[in-house]
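Listed next: structures, encoded as structure tokens.
Shared between the two complexes below is chain A, which has chain B as its partner in the first and chain C in the second.
Our next item is the complex of A and B:
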């Protein structure tokens, strides 16, 4: 009885405390400066030491980073030569092209052919059309710069992930060591490690590539380990029983058997790389991301939408291609005969590359899509947004003001009015209830870290923006998930939309939102909700579909109405899955918050962004780790809650 | 049989799952209760066996009694917690990894309970896989693979992937894969469980044929007593990880070591296992003819019943050890007390 009243009681107390904000002493509202540790300065000092003095004995850290940079730079330059620059003599305007890059026709046809190879003619035509779109709408060069980064980042990310994943599979100790590092890499917002990378590697495409790889690799590591572990143990036994050496076992049995799963990882790496390449344009990656960023800064609506659409086209093309390749990975290569006979498509594409390259010297339009043929939608988008803003300004503004005054601001005021010791105590208590001493200690430690970092107010603002966004996303996503699970047609439509939404780099969401609602918390929230909606829908639908049919039948036989079946059987059984979806939603929301710093929020994301623009390593890292701390608290609490729900439903297993 | 050399022997083999199993084994031999109290699972407990060259040795027991685990210990797929395993007199647990690979490539084979087919390879490639690992060239191994695939009745499916086959077909691919190598020591973990009765019988005959021709040693796990009776020279009955009794099928039926074994064999038709030697009565009257003492009653019942006189029963050397009457046979057939 007391247990059931505990949290409502605490909530009521919190409200009372918040109402007493005027009477509250200052030290209770904001942690006094005496409690701050100047971690930012320590980190900065450590970084300076690292770069200027630290050595690995034979060589200095600086030399090591230089060497690493050179190793990445070389293939990147090669990719750029191939896709963007060609081989040139001289510099700047006087440069003479000796060998041109791949022509737009060659790249488009090559990508289309890959689509045909991966699935069928339709995919080939679709992918070809998307690349054609890039050429026709004048986004070709930026798109190719972005593609060059992807082409380099993805193989590095995949190979690195594969090696680390296999190592973790083979050595449980290594797995235990790297697991928390991976956790951190995935929860620290991307911006935060742009800062130290910028510091170590300087401004430019190499630093951007490195950040991209760091960001995109962890899922590959995880998926590799998981895929290898989920191979039936008998297959492993079989490999040993026929006398495979360790290497044979890995190469001939385990990795091929895991290939379909591994390809899912490759798809992930591609999508995350794309997302990150866009973000990394801030530290000099150039390409489409730079165009978007530029447009956002200048509030150039038309250019922003165009570049955003180009990113979308590239993302959709790469996603569909890699997914089709993943599905294909399980299938055989039926063709036999000589290499030439087996690869007619490759040969045709190579011939086309040569032909367009040579003939392009005579007819330039074969080489580069002619400017005269370019279409521009800039004016269209600007006019559209202008007319929306003129005609619907009142409605949009009313809606924005309504949500701001009745939803966002009250929550913000409430959270900021809570004394920090009270919040710390509540979080710790939640940890205790869900996971006893260990979880309680973790929650206490991490929340005190926020206090010590001196970023309490920003942290609470983050909680507020993220919390509201997540609640909205779940409120929207849950019914959509239910709908998708209960109706096949709706499921297909919703699934398609959600899939596409998820392939879009986070940046893209900002564009329409800023255009309609200008900068501010409301725009940020809307963008976050759009970005973080997908897992809420997807996990709900998945959880509902996974409820055993027998249970539903049992309910029906007992005379449950469809509504009762849903609320009494399906939803409770799907609760653990739904909670995982909420968890994912929170993670996405947190990562998006840092990006919404561009539209002028005042949370931790903004701290990171400011640190980035000032190249202030210490401040950037500390603020980034604060976001990670929030993410970890939310993640662990929800995971523990889901595990409890599972145990209660007798599903066994730990989440 | 007892004169043949021992192919595989194990002494006091233990496999305990759980934290720090070696601690429990350092002292006196622990009982099942002690193992459970320590939070461990006694998957294999103190098993000692000897399997001779050319023998078909069947392991039976309820689900979870440790059969698969024992076989995995014998093939050293898992390291036993304690014990000794001798293959042709060589201690497998002391064998280097390199040498173990050689032994497994050429001298041991296994058919897995859940088939363990490689999902990314076709039927043909699956069956040829062990040969590929041995380093056999492509043409030779694919020819051999096609041969055994035809033998298990899957000719024409060579290009299929495992997921395109039914359970029974997949199992036959697993059998073919093992047949392709013809190792001297064969571990078969419920190799026929997914087959229909007709094909199952064909496969049993095939293994019997190979085994007789090539003197293979087979360690065979099954749940099916009929199958055990058909194939087994000796049967080991396992319970909770321990071997309760090792005996011929007839001895198991006639002299079960305890109530568990008795319950296990209760529904076995006695005529299928009881031999003439064990029901022969002394007598020296006129006889209708001679019959070998090793003949099972089921095989000769019609003959004895049809004759008006008893038959003389001869031992392996051809000496008369007694007589059987039609009445004694009927006693066994209808289970009348003896």
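Our next item is the complex of A and C:
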């Protein structure tokens, strides 16, 4: 009984404490400066040492990183020659093309053929159509620049992920060491480590590539380890019995057996790499990301939307291709005979590459899609936003004021009025209840880190903004998920919208949102909700669909109404999945912080952004780790909560 | 097919004649690109001129302030626009620390100040005098700032001392910081479409001057003493009781440029262009949608007499 009253009691106490804010001593509201460790200065000093003095004996760290950059630059340049630049003589404006890059026809057909190879004609046509879209809407050259960096970043991410994943599989100790690092890679905002990357690897596309790899690699590592562990032990034993050496076992037995799972990882790397396109373009990657930024800077909403949709098109094409290849990966190749006989499609594509390349010298439209044939929807998008702005602004403004006055501002005031020792105690208590000493220690340590970093106020602002956004996203996402699970057509439509919202760079809708809702917290919240909605919907739908039919039938037989089936059986059974969805929503909301800083929020994201523009390595990393600390606390608490729920429902699992 | 072959051989035959003119080093000179159109134009013009002189040029995306790290070490060579209004501190610091040198003024003058659309003058007749602002505070207010007027300031990183200015001049306004330049002008665009009140930070040269009719608020003119000496100006107890500073846009670069490519350093030093010419080009790119390369090419053809002397031709 007392346990049941504990949290409502604590909540009531918190409200009383917040109401007493005027009487509170200053040290309780904001951690006193004495507790503030100047970690930013330490990190900056360490960085200066690393860049200017650190040495491996024969050569310095900087020389090593620059050499690595040069190694990556080489294949990147090759990809650019193939897709974008061709072989040229001279540089810049004086450049004369000697051998043109692959023509738009060649690339489109090659991608289409890959689709046919991976699955069937329909996929081939679909992928071809998406590439045709890039050409017809005038996005070709930028899209190829982006594609060039993706085709380099993805293999590096996949290979790196494979190596680390295998290492973690072979050595549990390495796994334990690596796990927190992966957590940080996934939760520290990219902006936070852009500056050190620029220092170490120089300005330009290579630095952008590496930032992309850091961001996109962790899921590959995790999936590799997981996939290898889930291989039935019999297969492993069998490989031992037939006398495979360790390397042979890994190369010829384990990795092929895990291939379908590994391809899921590859798919994740591709999607995350495309997520990074915009941020990478800020430090010199060029391509579609740069077009989006550039268009929005001119407030050319239409051009921004078109370039953004081109990223979505590229993402969808690569996603579908990699998924089809993943399914196909398990199947053996049936064709036999000479190389030529076995690879008719490859040959046909090569022939086409040659043909369009040579004929393109005579008929340029074969090489480069003609300007005259380009379509544009630019005016439509700008006019749409304009007409909403002129006709509905008053209603929107009333809505914004309502939400701001009755929801956002009270929550903000409440959270900022809570004394920090109280918040730290609450978080630690929650850790204790859900995961005993280990989790409690983790929660205590991480929240004290926020105190020591001297960013308490920004951290609480972050909690406020993300908290409200997550609540809204879940409130919107749950019903959508229920709808998607109960109706196939609705499911498809909702799925499509959500896929687009997730791959469309958030910058594209950030500017129209600002035009309609002004600079400030409401715009930020809207953008976060739009982006973070997806997992709430997806996991809810997935969880509801996965409820065993027998249970539903049993309920129906007992005379449950559909509403009762939903609220008494389906939703409680789907709870662990829904909680995972909430968890992912929180992670996405936190990862949007840096983007919303661009519309003027004052949270940790803004700190990271300011540090980036001032090239302050230390401040950026400390603020970034603070974001990661919040993410890890939320993640661990929810994971523990989900495990408890699963245990209570008798679903076993990893509880 | 015959024609194709001829074109291929033509292309190959052309190659040797493209050998570069005599320059000190054929290593590419790296010019930085930022995120506003004016800077892209200046940099592309400089790049075109250097290429005419036979240098190899590479254009690199770099953050406005973060680039000083690269300029110090020679990773980056030239930055064409450092505004006295936003970059002076970083520039002075980098020059003082060594590795970076100034290549003089670009000839353009940067102006930044509070700005309002012309239609606001009817609603608030006392403008552009700053003393009229308090009477119109309610006009500029939004529900979340009321009863204070709302002034949309630049991103926090731009500084600008607007909070101090409001306090020193006793203005009944609140500063709302936009996170980025784009967000700021998005609000202006939206307000302008509706002809609604808005007061915000605008800078020039920028395309907004071409697109929107409006005026700067006239504050007491800036002097260095205003920011440091409380006794200066109408409020004897506070600093910042004046408008924003204005000043030249500087060119800076890596100190080693003059040793490695003396001719290029001279050309960068010689580069000048004025606000009018720049504004016209910015408008062409941002408002008329002409490709940036075409605008640069047009300027290069029309102004041969201007740029040839820069490279001693």
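FYI, the second predicted complex is superposed on the first by the 603 of 655 C-alpha atoms of A that agree within 3 Å, B and C clash if a C-alpha of one lies under 4 Å from a C-alpha of the other, contacts with A are read in each partner's own complex, and residues count from 1 in each chain.
One rule holds for everything that comes next: a contact is a pair of C-beta atoms (placed from the backbone, for glycine too) under 8 Å apart; a residue touches a chain by one contact, two chains touch by 3 or more.
If you're wondering where the values come from, they're calculated on a predicted model, not measured in any experiment.
Bringing the complexes onto one copy of chain A puts chain B beside chain C with no clash.
Chain centres taken from Cα atoms put the angle at chain A, between chain B and chain C, at 160 degrees to the nearest 10. Of the two partner chains, neither chain B nor chain C is touched by A:421. Looking at the shared chain after the overlay, A:241 reaches chain B, while chain C stays out of its contact range. Judged by the touch definition given at the top, the superposed model places A:370 against neither chain B nor chain C.
In the superposition on chain A, A:253 makes contact with chain B only, while chain C stays out of contact range. Within the superposed three-chain model, A:520 lies in touch with chain C and out of touch with chain B [touch as defined at top]. Look at A:386: by the touch rule set out above, it reaches chain C but stays clear of chain B.
Counted by residues of chain A touched, the larger count belongs to C, out of chain B and chain C. The gap separating chain B from chain C at its narrowest, counted between C-alpha atoms of the superposed chains, is 47 angstrom. Within the complex formed with chain A, the chain B residues making contact are 72, 75, 77, 101-106, 108-110, 112-116, 118-122, 129-130, 132-134, 159, 161, 181.
Residues of chain A touching chain B in their complex: 232, 234-235, 237-238, 240-245, 248, 252-253, 256-257, 259, 330, 332.
Considering their complex, residues 3-4, 7-8, 11-12, 14-15, 18, 20, 28, 30, 32, 35-37, 47-48, 51, 56-70, 75-76, 142-144, 152, 155-157, 176-187, 189-190, 193-194, 196, 207, 286, 289 of chain C touch chain A. Across the complex, chain C is touched by residues 89-94, 96-98, 195, 198-199, 202-204, 281-286, 290, 293-294, 296-300, 358-359, 361-362, 386, 389-390, 393, 397, 401, 404-405, 510-512, 514-516, 518-520, 596-602, 606, 609-610, 612-615 of chain A.
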